[in-house]
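I'd like to ask some things about the structure below.
A, B and C are the chain letters, set down in written order, and residue numbers restart from 1 in every chain.
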Amino acid sequence: MKTSLIDTVLGMAVRMSTPYLYAALGGLISQRCGVYNFALEGMMLGGAYFGYLFALLSGNLFVGILGAILFGMLSGWLLAFIAIRFGVSQMVVGLGMNTLYLGITSFCSRLMSTSKTDSALPVLLKNVGPETLQKIPVLGSLIFGQNSMTYLIIILFIVYGWFIRKTEKGLSLRAVGENPAAAETAGINVFRYRYAAVILSAVLASMGGAFLTLTQVNRFSENMSNGRGWIAIAAICLGRMSALGTCLSCFLFGFASAISNQIQVLNMGIPYQFALMVPYILSIIALLSVRGKSAGRPAALGKPYLKNR
Amino acid sequence: MVNLTMVALLAGCGGNSSSSSTTAAAKSAASAVATETAAASLNETVAAAASTGTGKVKVAWICEGILTDNGWNADGYKEMQELATKYNLDVSYQENVGKTEAPDVIRNYASEGYKLVIDNEQYHCEIMAEIAPEFPDVTFACVNGYVSADNMIAITGDMWQHIYLAGVMAGKVTKSNKLGLITYSTDSSSALTMLAALKAGAQSVNSSADVIHVATGSFSDLEAGKEMCTSLIDQGCDVIFCNSGDCNVTVMQTCANKKVYSIGAIVDHNDISADYVLGSAMLPPSNILKIMISGYIDGTLKGSAKPIVMGIKEGCEEFRVNPTMKGKLDQSVFDALDKATKGVEDGSIKVELPKTSK
Amino acid sequence: MHREKFKSFLQKRSFLITGGMAILAIFIAMVVGGILIFMIGINPFAAYQSFFRGIFGSVYGFGETMNKFTPLLCCALSFSLAQKSGFFNLGSEGQLYMGALCSVLMASHLSDMPAVPAIFFSVLAGIFGGAALSLVAGILKILFDANELLTTMMLNYIMTYIIALLVSGAMKDPQSAMEQTASVPANTRLPSVLTDSRLHAGLFIALAVLILVWFLHQRTVRGFEMRLSGINPKSAHYAGVNEKRALIIAIIVSGALSGLGGSLELLGNQYKLMDGFSNNFGFDGIGIAVMGQYNPIGILLSAFLFAALRIGTSSMQRSMKVPTPLLYILQGIIIIAVIVSNYYVRRIKDSLVEGRPVG
């Protein structure tokens, strides 16, 4: 079935946005409760590797996702513990963790068999979506032919948007991020919310990594996340910390990457460096074009909350 | 200053008589010194081995990028481990040595008693050639290096023969007349050489064939490689050649999934798909390392200011057709390949390569 | 009364506590790393011996460490200064590249000039380059309220690609097949200051700048204005400070510092510009600034730690064949351990002040 150019570019855009979406939602949730998660990159890498490892060993892709979730829970707990218990700079902890997880995943990866055919996953998570609906021209395969993990993260974004504004727990989470002391006196357990949010954040980032190895390519390569975690942080920034803004920003980056490929493939004589620059230039343009009040950074973002013991 | 084009032309067109006479000339020029130095180097080697106490020769091996790239570095690393066992060497490896760190790393090894310092990255040869004179009793070596020094061994594949043949096969097989070439960057001299060779090969059998040349900017971002490959296929390419580190394998698998032909790079990747891999354009570092180490150990290979160029005929490069293709493709494809191979080996085929210095 | 004397001694020299705890943290991290090294069959004591030997064991090694220290220090200062004025300058990496680029352009034209002015102008060009790039982000912030976190980060990536384009095209060295510029002429290079090593004068320039910047920032009116605007622009404005001007000055100086780092690295160490010129100097500089808690001594020590980690781990890989991933793990653990030690430092300081027992 021959697909149109728009179809293929948009489809590629959605595929390439998905890792950003996972990591960005994770970063968003964490920041909402007042803790910077700068370890998104490392967590994504960890999820990519451990998701792949569990899937390879068990032969089951869902066990792979479980593996990624497990890594997310552990690394999220670690970040939460250090940030909350010790109240030290979350940025440096995040940076340290990125290096640490790069080392751990590379190390474990090298312990395994080195044959490229032995170490490939036999099958990948397929795209889901009703076949008939996919045949609708232009938007059919775009909307209905995506991967299940892509649908999942979009649903999660919607759920988060509703949760953070319309539910009591959501408002409590925001209060924790704005003014933890006041929240505490209002009876909200600040620590518990922060732990939960940071762990969830790490789980999401790890799943974003698992998306790469379980649905897109069937292998792991050292440092294969290649800066996606940082793009996710940029997307949160560009989206001014709102769920919709962040989601759209992630799509912008994915779209820009697809456009970048297209520019190269059209062989127009443009140096490839310009093509690779496209996502970054587009994001600055987007930032300048969308003005207005931001959802606002939580007032206590980054500030450690140390309860007197 | 050795001009890359000249070197390539020497190897390809003047015929091997010319290139072997270059090496022969270099050897004979140094031969007066060679006999003493051969003996001296062997004694040195033994002495060095004795001084380390383990009886092993201390060899250093450097690469740019990671060891586990399923391609250039992985092949070199594997070979070094085998050679270490075979010749009883004490090898120290250092990976991730970029062009900015290379001077320090090379100097460090040279000053720490390593008698043979090998660099697996061709672009380090200029750096190595500058440093070599500072350590006259150390032997330096660069895989695929295109400049050399008196105490340095640079052996280079000629960089285009095997890719030319890949182009011939691709040009014969393509129906859309669009070939895809994926490299790390599009303006490095090796990338431009690959483009010229692929195009020339394809157009020699199919005048309407064209090559779309794109860059990934990464050796390990597998998803980017896969998406770039997908873009090429959507654009109409039906044969794709990727040489960008670990992305090679992923690109080839993506091609197989989408029922498009691909050609392997550097090492033999023909096992990736029985139906969709045409062949592999091979220039494995292992070939060069074997020659270097055995030549160094028995003293027959000395440093020389002129790099040694080896192509298909010398066994350094190869275009290995996928055996499974024999029954699947028209015989005319293999005939064209045989003809081209002969032309390349006897020097009647010349390719206009991009002009780069040295 | 020894206890009281000791306590008041420590109180006055709080950096001793910070430093001491950091060293303890590094030690503990190394023990953990040592266990991992042991588990893969390498002698950890020999490995760490190699680590320290790489940094301190030879004049050459020490020179290399200090050469890495110089650009790291400049980038850390850059981030720290901007942060104190309320500007999150993540663009150190790009500004460093811009500084190096401008320096190489200037230096290539000054081959006939005597050394001192040639070096001076080349470094100056680098400073201006870094400042200009930073100013771009600053202008976008002031005119469009564009969040500098994003603009500076994006400018980093853009700068990397611009450099890649230039060094393989317009500025490529015609004498080499590598994608790099020609080396700068000999008279523009920073002289070596330590025999048997490649330590260059950039170190002293950077240290001098550190003192100068500290002085200007802490002891002059302008500096005070910058700090005040950083804490609260509105109240600074109310107090009569032109907070926009203070911000602009901070942005310019911050960019200039990163540009200086790039310039010194180019003119003193690498002599030519290529893709991969900076090995995450700007990025690490941010971590250094935060770890050093934005004060000069802290930044100095953290910058030295980061530089030492680079050289030491490289030495470990070379002589003891410790695999790279394990080195990354070690580095990660060290960084996390040192930053966690800040917590215990705070506890100790608190207990010294209020007389509560440490427990």
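Convention: a contact is a pair of C-beta atoms (placed from the backbone, for glycine too) under 8 Å apart; a residue touches a chain by one contact, two chains touch by 3 or more.
Computed from a predicted structure; not experimentally measured.
Distance from chain C peaks, on a Cα-centroid basis, for B. The pair of chains sharing the greatest count of C-beta contacts is A-C. Centroids built from CA atoms put chain B at 38 Å from chain A.
Computed centre separation for the pair chain A/chain C is 29 angstrom, with centres defined by C-alpha atoms. Between the CA-based centres of chain B and chain C the separation comes to 38 Å, rounded to the whole angstrom.
Residue positions 164, 169, 324 of chain C each touch two or more of the other chains. Across the assembly, chain A contributes 106, 110, 222, 271, 276 as residues in contact with two or more other chains.
Chain B has residues 66, 185, 187 in contact with two or more other chains.
Looking at the complex, you find that chain B touches chain A at residues 66-70, 74, 185-187, 212-215, 217-218, 220-228, 230-232, 234-235, 246, 249-250, 253, 271-272. By the touch criterion given at the top, residues 82, 86-89, 91-93, 95-107, 110, 222, 230, 234, 237-238, 240, 271, 273-274, 276-277, 280-281, 283-284, 287-288, 291 of chain A touch chain C in their complex.
Residues of chain A that touch chain B in their complex: 3, 5, 8, 12, 15-16, 19, 106, 109-110, 114, 116-117, 120, 212, 216-219, 221-224, 226, 257-258, 261-262, 264-267, 271-272, 276. On the side of chain C, the complex with chain B involves touching residues 60, 64, 164, 168-169, 173-180, 270, 274, 276-277, 279, 314-315, 317-319, 321, 324.
Within the complex, the chain C residues that touch chain A are 140, 144-147, 149-151, 153-155, 157-158, 161-162, 164-165, 169, 286-287, 290-291, 323-336, 339-340, 342-343.
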